Each structure stands twice: as structure tokens, then as C-alpha cells.
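Below: one structure in C-alpha cells.
First chain written, first letter: the chains are A, B, C, D, E and F, and each begins at residue 1.
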Amino acid sequence: MPDERIATVTPVTERDARGKVADLFADIKRTKNLDAVPNFWRVLATNPDHLELVWTRLKALMHPEAAGRTSPLDPVTREIIALAVSATNGCAYCVNSHTAALRKLGMGVEALGEVLAIVGLFNSTNALADGYQVRPDVLPPQD
Amino acid sequence: MPDERIATVTPVTERDARGKVADLFADIKRTKNLDAVPNFWRVLATNPDHLELVWTRLKALMHPEAAGRTSPLDPVTREIIALAVSATNGCAYCVNSHTAALRKLGMGVEALGEVLAIVGLFNSTNALADGYQVRPDVLPPQD
Amino acid sequence: MPDERIATVTPVTERDARGKVADLFADIKRTKNLDAVPNFWRVLATNPDHLELVWTRLKALMHPEAAGRTSPLDPVTREIIALAVSATNGCAYCVNSHTAALRKLGMGVEALGEVLAIVGLFNSTNALADGYQVRPDVLPPQD
Amino acid sequence: MPDERIATVTPVTERDARGKVADLFADIKRTKNLDAVPNFWRVLATNPDHLELVWTRLKALMHPEAAGRTSPLDPVTREIIALAVSATNGCAYCVNSHTAALRKLGMGVEALGEVLAIVGLFNSTNALADGYQVRPDVLPPQD
Amino acid sequence: MPDERIATVTPVTERDARGKVADLFADIKRTKNLDAVPNFWRVLATNPDHLELVWTRLKALMHPEAAGRTSPLDPVTREIIALAVSATNGCAYCVNSHTAALRKLGMGVEALGEVLAIVGLFNSTNALADGYQVRPDVLPPQD
Amino acid sequence: MPDERIATVTPVTERDARGKVADLFADIKRTKNLDAVPNFWRVLATNPDHLELVWTRLKALMHPEAAGRTSPLDPVTREIIALAVSATNGCAYCVNSHTAALRKLGMGVEALGEVLAIVGLFNSTNALADGYQVRPDVLPPQD
């Protein structure tokens, strides 16, 4: 039997999922068009309420049509934001997951490089603005 | 005389700029179509080589046409990445600056809210993936 | 001989510990009721003064009774804070270590999920408050 | 008329709130027992769906009884986690808000100091564990 | 009476300091050659044990001769590290404090710019290495 | 054939490098006195403009003489800053790389421990200053 210990807790397998967890696993696979439930969701399932809270929010923002919403942003832009945040935080699982999502949406390595180039640039300027304690420019009112 | 001490160093005024710094200030105003040099660049000008290094990189990535490049990303997407990084790092100067840039490019408050909603969501999932030490899913080869 | 290179420096083995380091290793095992010195302390031992400084502070705050102090916080709360900080910073060693400590103190996976759910939530709201540059509410004086 | 520009967007006033936003504002004040809606929620209200998503999750985790849940954690522990995350991220709005909540729940300055002492300690050990690339200790299975 | 509320707690004044706190305040002023106790230490004094723990560690590392130690690093290098960490974390109080310390040690604005240039550069490459999930190079053994 | 998939993209091999990328690879090896191009640069090469932008900046700041500049900082101080930033961000690749560079420049484990001790200390005080929202001390003008 393969080792299921892939985290600090034992992830819930699809076979062991019951009730609310089973329903959420099915919705995750259907909405994301996947054959298996990713490790992230199987780990969250150790607290079913938490699984539901995170999935509800992620579904609304990243799969708006499935959640009955319209979003002003397109799917590629949404995944670019996810990758920018994940690279800035240095979250390995998240970087892998959102890079894979962008590749699946058709992004090539040169465009991916452009996204990360801008992520790298602004991690630099953020440290500089904070390191010099630069005060915001006086800007005209915006609305 | 107004107080020019807006940072941990005294920013270089446009009037005092000489040589390389004066040329870079002119290029910044021309490229960004601004009437005055923002505080960030005036502070960097206390080390002229550094001013040049950061501006060269930012111009190439954020104003590619002015730098003789073509970018696979459009201006709104580039500023969205800048805001996502800045909000994740909590850099006040940078958040103000990139929000202003997005508003100037025509983004309304509801779309801005959608960008920050996704930024907020993935700062949450990043902490969860790291907090549970979730291992990356086994993914098929990508190229 | 097993490979001892588990870090950027070679950790000090218990067998090789001498003088101050040997005394500190003994105190760490006694205070934490452990059979072996964790890797973290063996690595710090490459600079004995540093080992002493960190252990003195950690012992005072996390094992107050052994340090002759009384703490207003109970052991579970103290470890919850440690995990919240470690998950927010994405520190793998620390997440593993403090999750193990919480499990040893009797915390089940559902309660662990509730801790991480709140950690995830506030990593999200932190990014939102910074991303919108929300000013603090005016609050009545506190003391 | 007082200046309402307290953020990068103009916060929604309680007077201007309509429909879903008005209902959520009322629920926030009732659940948190407040006389006025904090700035954070007024800013989120510029994107009503986002306001609803964040409030639903925060209400479930921080006010579980009002959301029809039971939580394995008590209110003080929940706010301690919020403060630990906020101090680690350096989010000014959030630090102010969660410190005020803890004071309201009866925490004195000495206990608050103990919370922050542990937050400070583990921000230190996190940087050390990462700075030395310490590998996790081999631990016995946990469940 | 001037407002003493400069933090989330009321800082301890030098006039009100008693016993251990008064002794520590005196040692801080003597060791750092200051006329007044900085706000940071006055705030920590609301939990006297914590004040002692942090000061003991900072004195040993930043004022080693006063603590009876020898350090392999000189005072300028030690403050440079403090500024690099503070700029990376975006901590306003700390950036101001350590920039002032470097200026007092004789560092000019151009050298300060070089320090921050390197801080900015590696905040950028860190995000890139994490954003691409680059694996460490195979290096020859080091000792 | 050995697996070349060491990142989220397939790194460019030295054998496959053409034109600008080949020239940059040669300059990296010559400037850094290396036998092989590190993984970081091979990954960046998937977007040749980005490789050039990052290398130009890193060469100017970390190898100033090769770039025709003079730096007010010595090589050890420059690498110490790089390690301080990388440890604070928890970037594994970067910590390994800059620790190796410091060891190559002759730094022993005890001095390395002193560097990381100060990094750890200020990650702690940063969280404390932010966690208490300490306001900057009033300082005399600096220049």
C-alpha cells in the first residue's frame, strides 16, 4: 500500500470521504475537470467545515461561472495573480500548482518568464521603497 | 522652504539633478508621461548607478515598447502583477503607486476588488499549504 | 557512517559536544523530555554563544516553570502561537516541529485544522488591509 | 463634510449601503456588537461579492456560535492567533484591530507581552531554521 | 501632558521605571550611549521579563564587548545585517533605527544606496528562485 | 540521459544555448570563475531578455570590478547581505548558494553563526516593533 503520509496530517482519501466531504470532493473534480482530488483539498478535508469555507471562496473567485457569478477578470489573469502571490510567498506547493494551471491554459515558457520577471522586479522595488521609507507621492483624487 | 525630508535620505530634487541623474529623470518623466519625478526615483538617485540599474530593468519590463522590446503581457496585466506583489508584501508606497496606475488605465473599484480578492485568497491558501506541509501533486510532464 | 550533512553546516553530534555545548544539550533533552537533541539545536551549536542565547530565551518563554518563571499562557496556547508564526512564514522545519508538539499535547486533527483555518483567514485579511491601505479605526483609549 | 478617503478606494458609508451590502453591514454590527462598521468592511464593500465571501468565512471561524458552528478553540485563543499572524506580517490595521479585541476580552499588557514575546521568538527561530536549511527531525508516526 | 500613547500599549516612562526595568533602562542608555531610552525598549518594558530577554540577546550580539564577548563581525557589518533584514520585512521602526545607526557610524548616502541595492537585488532573485522552484546546485563538500 | 527537469520549466543546457544566451552563459562562468552555469541562470534563460536584465544588475552589484564599477562594500559584506535577505525570505536555493559563496570566501562556521544570529535577532525585533506598532523615535537631522 502506497504511503499516504504526504503532510503533517493524513490526507483523506477519496475512498474514505463521506457526507459533506464526498460532495465537496465531487464538486472539486467536476468544477476543475480533474480525475483526482489534489492533495491540498484532501488535507483540508481533515476539518470538513474548513474544506467547505475555502472551496466556496476559491470556487467563487477562480471558477465564477460555476458559482453563478461573472468576473471582470479572465482565467489567465486570475492564475497569474495566484502565481505572483505564491512566488512572493515562496510557497512550493502553490507555485507548482498555479504554474501547471497556466501551462494548461496555454501559456508558454517565455510568457511565464515575463510574469516572473515582473514578480521579481517588484519584490525588489518593494524592499527598496520600504528600505528607504519613501513616502507616497501626492496624487490627484481618483474618484 | 518646504521640507524635503520624505525618507531616510534627502531625495534629489529635479533642480539639483546633474549628468546621468538628470538624463534618467528626463527619461522617467517622458516614458511614464509624468510632470514630476516620483519620490521613489528621487531617493534612488542618491546612488546614481543604482538609479540606472533599477530604471533600466523597470523600463524594459513595464514600458517594453519604449525599451525596444515586445512583451507577451498587456499593460493592465503588468500592473496587476505589481499590485499583487505589493499587497502581499504590504508595501504602502508600492500599493498606492500601482493602484493609481491601474485606475489611470481605467480599472474601476469593483474590478480592483476582484484583483485584491484573489490576492487575499491565495495569501490564505499559501499559508495553509505551508502550514500543512502539503507535498506537490504528481503532475504529467509539461513540455 | 551515516551522512551528517543535513544543513548548510555540519551539525554537532551529541558525542562531540564539549563544555558549554554538552551542558546545553543535556538541559535541552531534560527540559523537553527528549531522547535525542533535535537538529535545530545541533546546528546552532556550531556557534556555542548563539546556542546559549536562543535556548535561554526559548526555555524562558516555552518552558517557564523550568526557567523559574510563571507564564500567563498555557502550553497549548504557546505552541499554537509558534505554529501560527511558522505557517505564516512558511518555515518547513518549524511547522513540522510545532505540529508534532501540539499532537503530543493531545491536539486532534480537527482542532489543528481550526488553528490553521484561522491562520489562513488572517493571512488573507492582512493582505487585503494592506492591499487597500485601510487606516486604523478610531478606537477608545484602552488603559 | 469629513474626508472619507481613508484607503486607496472610497469606503462605502453605512448611509449609502444598499441591498446585500446593507444586510451584511447589519450582520457585522450585530455579530460583533459594534456601533459602527469598521473601515475594513466598508472598503471591501466596494465589491459586494467579496465582502460577502470574507465575512462568511470570518464569521464562521471567529464567531462560530453566530454561524451555527462549534469551535474547538475559545475566543481568546482565536484572537491570539489573529494577532500572531498580523504581527508576523507587519499589518498595522490588523495589529491594531486584534490587539483591541484582546484587550476587550480582558487581556492585560503583561499577558499581551507574553504573546508577542513568543511571536518574536519564533520569527527568530524560523529565520534560523531556514538560514541553516535544517532538515526536519525524524519523528514517530502521529496517527 | 504630552501624549504617551505611541503604540498599542502605553510605553513605560523612564520616570516610572522601577527595579529590574530601571536597571535595564540604565544599561541600555549606557551601552548605546544614548540620552533617552528608545520607544522600542519602553514598550517591551510592559513585560519586564521580555525586556530582559530581548536586551540580553541584543547586547550580546550587537554590543559584544559590553557583554564580555568577542565578535567575528565589526559594528558596521552588524548594522548592515540589521538593515537588510528590516528592509526585507518592511519594518518602518526598524529601518529608521538601523539607518540612523549606520549614519552615526559614518556611512554616507552612496554606500547606504549600495547596501539597499543589494537588498533589493536579492529580494528579486529570491522570488525568482522560488517562483521557478529552482533546485539547489550540486556543490562539493565544504568541510 | 539524466533528468533535466529541476524546476517548473526545463532549464536551458549549455549545449543548447545560442546567441545572446550563449554569450551570457560564458560571461557568467568567466565572471564567477565557475565550471558550469548554475541552475538559476539556466532557468532564467527560458526568457533571454530576463536573463540579461537580472545578470546585468547582479554583475554590477556583486562583481563591480568586472562591470567597470567601484563598490563601497567588500565581497564578504555583499554576500552577507545576500544571505541575510535569503534567510529572512526562507529561500532554500538562495541560502545554499550564498552560504557556499561565503564559505568559498573563507568564512568559518562560527562567523557564519554570528551572521545568522543577527539575522535571527532582527527578524524577532521586527515582529515585535510591528506587533506593538512602535512609532519611530524622534531623531536629530542626519545631513
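Rule of thumb we're sticking to: a residue touches a chain if its C-beta (ideal position, glycine included) is under 8 Å from a C-beta of that chain, and two chains touch if they have at least 3 such contacts.
These figures come from a predicted structure and were not determined experimentally.
Enter the minimum step count from subunit E to subunit F; a value of 1 means the two chains touch.
Contact-graph shortest path, subunit E to subunit F, evaluates to 1.
Both subunit A and subunit E are touched by which chains?
Of all the chains present, those in contact with both subunit A and subunit E are B, C, D, F.
Would you mind working out whether subunit D and subunit F touch using mostly the same residue numbers, over half shared, or mostly different ones?
Subunit D vs subunit F: same; shared/all numbers exceeds half.
Where the CA atoms of subunit C average out and where those of subunit E average out, how many Å apart are those spots?
21
Between subunit A and subunit B, what distance separates the C-alpha centroids? Give it in angstrom.
22
If you average the Cα atoms of subunit B and of subunit C to get two centres, how far apart are those centres in Å?
35
Hunt down the residues of subunit E that sit against at least two other chains at once, touch-wise.
Within subunit E, residues 8-10, 44, 49, 53-54, 57, 61, 85-86, 88-92, 95-96, 99-100, 109-110, 114, 116-117, 119-121, 123-128, 130, 132-133, 143 contact more than one other chain.
Report the topology of the inter-chain touch graph, choosing from line, ring, star, complete and other.
Basically all the chains touch each other, so complete.
Show me the residue ranges of subunit A that touch subunit E in the complex, using the header's touch definition.
The touching residues are 83, 86-88, 90-92, 95-96, 99, 116-117, 119-121, 123-128, 130-133.
What residues on subunit D touch subunit A, complex-wise?
5, 8-10, 49, 53, 56-57, 60-61, 69, 141-143
Provide the residue numbers of subunit D that touch subunit B in the complex, in ascending order.
Checking each residue of subunit D against subunit B gives 8-10, 44, 46-47, 49-50, 53-54, 85, 89-91.
Can you name the residues of subunit C that touch subunit D in the complex?
On the subunit C side, the touching residues are 6-9, 38-40, 43-44, 54, 57-58, 61-62, 71-73, 77-78, 80-82, 84-86, 88-89, 91-94, 96-98, 100, 103, 108-111, 114-115, 117-119, 121-130, 132-137, 139, 142-143.
Under the stated contact criterion, what part of subunit E meets subunit B in this complex?
Subunit E reaches subunit B through residues 90, 95-96, 99-100, 109-110, 112-114, 116-117, 120, 127.
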